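Going in written order, the chains are labelled A, B and C, and every chain counts its residues from 1.
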Amino acid sequence: MKITEKSALSLGKMLQSREISVIELLTEYLKETEAKKDLNAFITICRDESVKRANLIQKNIDDKVLSSPLAGVPMAVKDNICTKNILTSCASKMLSDFKPPYSATAVERLEKAGAVLIGKTNMDEFAMGGSTESSYYGSVKNPTDTKKVSGGSSGGTAAAVASNQCAYGLGSDTGGSVRQPASFCGITGLMPTYGSVSRYGLIAYASSLDRIGVMGKNMSDCAAVLSEIYGSDKKDMTCSVAKKTDFTSFCDLGIRGMKIGIPRNFFSGQTDAFVGKSVLQGARELEKSGAELYEFELPLTDYYLPTYYITACAEASSNLSRYDGIKYGFCQSGDELEQMYVKTRTEGFGLEVKRRIMLGTYVLSSGYYEDYYKKALKVRRLIKDSFDDAFKKYDLLLAPTAPTTAYNIGENRNDPLKMYQGDIYTVAASLSGIPAASIPCGKNQEGMPIGMQLMAPQLREDVIVRVGCAYEKITGGSVDE
Amino acid sequence: MSDSYEIVMGIEVHAELSTESKIFCSCATKFGKEPNTQICPICTGMPGTLPLLNKKVVEFAVKTGLALNCSITKENKFDRKNYFYPDLPKAYQISQLYLPICRNGFIEINSNGKKKKIGIHEIHMEEDAGKLIHDENATLIDYNRCGVPLLEIVSEPHFSNGDEVVAYLTALREILIYIGVSDCKMQEGSMRADINLSVRKRGEKELSTRTEMKNMSSFKEIKRAVEYEAERQISIKQRGERVLQQTIRWDEKKGIGIVMRSKENADDYRYFPEPDIMPVVISDGEIKRIKNLLPELPQQKRQRYISEFGLNDYDASIITSEKELCDLFERTTALCDRPKEVCNMIMGELMRIFSSLGKTAENLNVAPEKLASLINIISEGKINRNIGKDVFEQIYFYNVDPWEYVKENNLLILDDPELTEKTVNEIISENQKSVSDYLSGKQKAKGYLIGLVMKRLKGRADPKSVNEAVDKKLKQLQP
Amino acid sequence: MSALFMVFEQKERKTMNDNLTQGLSKLCNIALTDEEAEKMQIELEKIIDFMKKLAELDIDKLSEMSHPFEGVFPLREDKTEPSYSREEMLKNAKNTENGCYRVPKAIKEK
């Protein structure tokens, strides 16, 4: 096994025991990024900074002042998460030269734990998309089959983790952007409860839905990374209820007696038969380990996507209004103020971003607010209530992450509505504020990975970690075994 | 102005709150700093930053609402108001549309002797925008003011003339300063008033199209602008034309209103709930706590000064118009228990110094203990009233202790009948002309003689005994 | 009769949406070429039709949910912290002058 194929936690142990040095490990990963350039997973490789940092971390490990399990392990960060003085472009021409004077809280916390930032990953422009095809920097290719998409919007981080260009990474999830690319690339992606990880420094797409998520080779790695970034932050008013937790302590607790609900309607017509079968097969494996399975009907499935797209686009239209060419980012001057605004925004944004800004503007504008936006806020409550009800009976809900496996690059590009429909199973957890993860559960005939989605009540990431780890144990999915 | 028309006005006041830090970040709010030196990623809306609501802003808003007799909203939400303009770095202003923090209040005003209740429709919290500096062909932007907390206080359309507007603004300003939420300096823009004005034929029920006037820098200019705009609208109507809904910028140099180009997309602000700020719940306990922090308001004080201390209406309103004067009056009175004397000293001596120096009560530095001690010395007849005035000046300018000053400078009243009599005799023998004037019926001459005696005794004599001694002597001289 | 009515209704809808695309483009400060506008029009109509599904639900009495969870959240104490340096703040701006951000003249008066 190549060293870059190992899990982040086992690498962390090797670094602490001096089996390998931080700079040696980094060098191996930098070689991988060079060799796998064609996947287009990264927008920026932080070669010089990471080398400098590796030396510093090594010194701290040698001095025994840094003993965190992730110290010295290279990570990748999605390019919509701010990194101080390092390009943070959101994969948009609009921010193609933006170097923020601050880092996101999540990045700061990981750096405090000794993380080495190897690079910033490609994504759908402003995280709007499910295939990383809307990036200003071009599509990311799926490491399993380079003709196929890596999913999105965190397609860069997913591909980077899957192809061993980093040990783990951060993504962001608004309607499935961590879980769906994890599913498409065959890795683990964990979206924590809304407000449990600070959004400070995460460039907003839809504020009431956006979350930073963790992507790794297995659930234990994700649990370790989550433990570092989890918990309240004074810089984010909506992040104040979660307490710092060591999630790795839940890895070995097992799932005996755990009640797992399987919503029947998540396996309906639009779900690829092979995907459905694999996920149900995965559920059976859990049953063998002592979990109890219950099929049930989760209402409102047909309303998930309209509710999600109205809410997300509305917030996006407002969040993205700040890109006017004045304070930062791309600017196309004009003789008149209005001209400057229009030229900057017309040339600076890609088509999908424009489409969502216009949709969002539409649902908020006078005469339509009541029919669309206000209704969506009400249905959002209904959806959340339906999940609350389900969690009265079940500890965890299990479903496919996406209705299909990764599709061909370009296949859905001309049909936005079809693209949106790929989010059908991920947006419900986003709307309800609950944590959810995607873990690999087999491959289809073509060898493309399939993802199984685990959803738990708010602030119950521990349940997801337990189930995820138990599943890896059963199937031998954990990379180090 | 034609009498067949009446004016209907409502006022929107923007008051900057005197918090230390901005509403959503920790930048300072000081006025007059170098451009863009009080800014950070949050108040300039840099990507990835989030608003962090200042606790004090909520407290000040509740305080204001209670002082203006409003009901307080228990669950507060913020909303985004979306529009593009260079002074608004996020291209949305965080404000409150759907659930403003205060509603349904009123202020009582007194305009030209008539009392009137002016309704407060609502008060909401929001962030201020930056400042634009226009030159020949460009606009420069200073974001220092971005995110300074504002209260927008929206009145009902209850005004029918400029005097009422000024009376309302005066009263409102007084209250905001009193309760310590804003310094309300119009020149610095920490209080700004926009006037919505329309005119209609007397007796008409429907409100007519209104204009909104901005940019008046003083109450005087507001009155001028109101009069200008009312006349303009009336003459438009008299010509049979229609008033257009416009925003008008008042040009005080030219004394005219200038129609502003409307802000881009001004019609559709696409308000929606601000997702980055969780609802702010204000408990009954919190409201009670803030209520207890509320000082007695100017109007209540005025009434109390009249009924409790026997001040007249005029004196009471002058003293209660400034918080510093009230403090001095109340604390001094508490020490010496002579409210009328304290009032006279403030209305007489202090005001005289203010008017000769062109000063106001701001930063007033007269110790109530010293003023009380002076008033006691005078009232007990230990020094003369005129000497008391000098001592007051010494307290004001040099912060002397009145009792020590009187002793050191030998200013105590003379209790020496022999010296008085001797001096009277001297003056009379030196001023035979005045004596004969008096004896031939010129009453004034006696006052002149008394003055001379007082002068020779350096003002320290008891005027009553001097008067008696002069009278006695003159009687002896009468044929 | 009803067929004729439908024709008018379609016409009405078409013009409303034509104006709408233009209006949206103005509200967003985003310009579209004729070709783009035409395509966008069709896509937006399709998506908006899809969003209309919410009208089926009887939700008038429900309260809106603008945040995915509830609770009491701490506010910031009124304390200042040093601001960023002007240089650092202006660094990302394309046009500056005298320590200010600079834009084409923003005010026009009649």
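In this text, a residue touches a chain if its C-beta (ideal position, glycine included) is under 8 Å from a C-beta of that chain, and two chains touch if they have at least 3 such contacts.
On a predicted model such as this, the values are computed, not experimentally measured, just so you know.
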item	value
Arrangement of touching chains [line / ring / star / complete / other]	complete
Most centrally placed chain, judged by C-alpha centres	C
Rounded Å distance between chain A and chain B, as computed from the means of their C-alpha atoms	57
Chain A and chain C: spacing of chain centres that average the CA atoms, whole Å	25
Length of the line joining the C-alpha centres of chain B and chain C, rounded to whole Å	43
Multi-partner residues of chain A (at least 2 other chains)	98, 101, 208, 234, 237-238, 317, 321, 324, 326-328, 337-338, 341, 361, 365, 377
Touching two or more other chains - residue numbers and ranges from chain C	27, 29, 64, 66-67, 71, 73, 75-76, 84, 89, 101, 103-106
Shared interface positions of chain B, touching two or more other chains	41, 44, 52-53, 84, 86, 139, 141, 264, 268, 270, 272-273, 275, 278
Chain B contact footprint on chain C (complex, rising order)	26-27, 29, 64, 66-67, 70-73, 75-81, 83-84, 86, 89-90, 97-110
Chain A to chain C touching residues, read off their complex	97-99, 101, 193-195, 208-209, 234, 237-238, 240-241, 302-303, 305-307, 309-310, 317, 321, 324-329, 331, 333-343, 345-346, 349, 351, 354-355, 357-359, 361-363, 365, 371-372, 374-382, 384, 416-417, 420, 431-433, 458
Chain A-touching residues of chain C, taken from the complex the two chains share	20-21, 23-25, 27-32, 36, 40, 43-44, 46-48, 50-55, 57, 59, 62-69, 71, 73-76, 84, 88-89, 91-95, 101, 103-106
Residues on chain A engaged by chain B in the complex (per definition of touch)	81-82, 88, 90, 95, 98, 100-102, 104, 199-204, 206-208, 234-238, 314-315, 317-318, 321-322, 324, 326-328, 337-338, 341, 361, 364-366, 369, 373, 377
Chain B to chain A touching residues, read off their complex	41, 44-53, 80, 82, 84, 86, 89-92, 139, 141, 264, 267-268, 270-273, 275-278
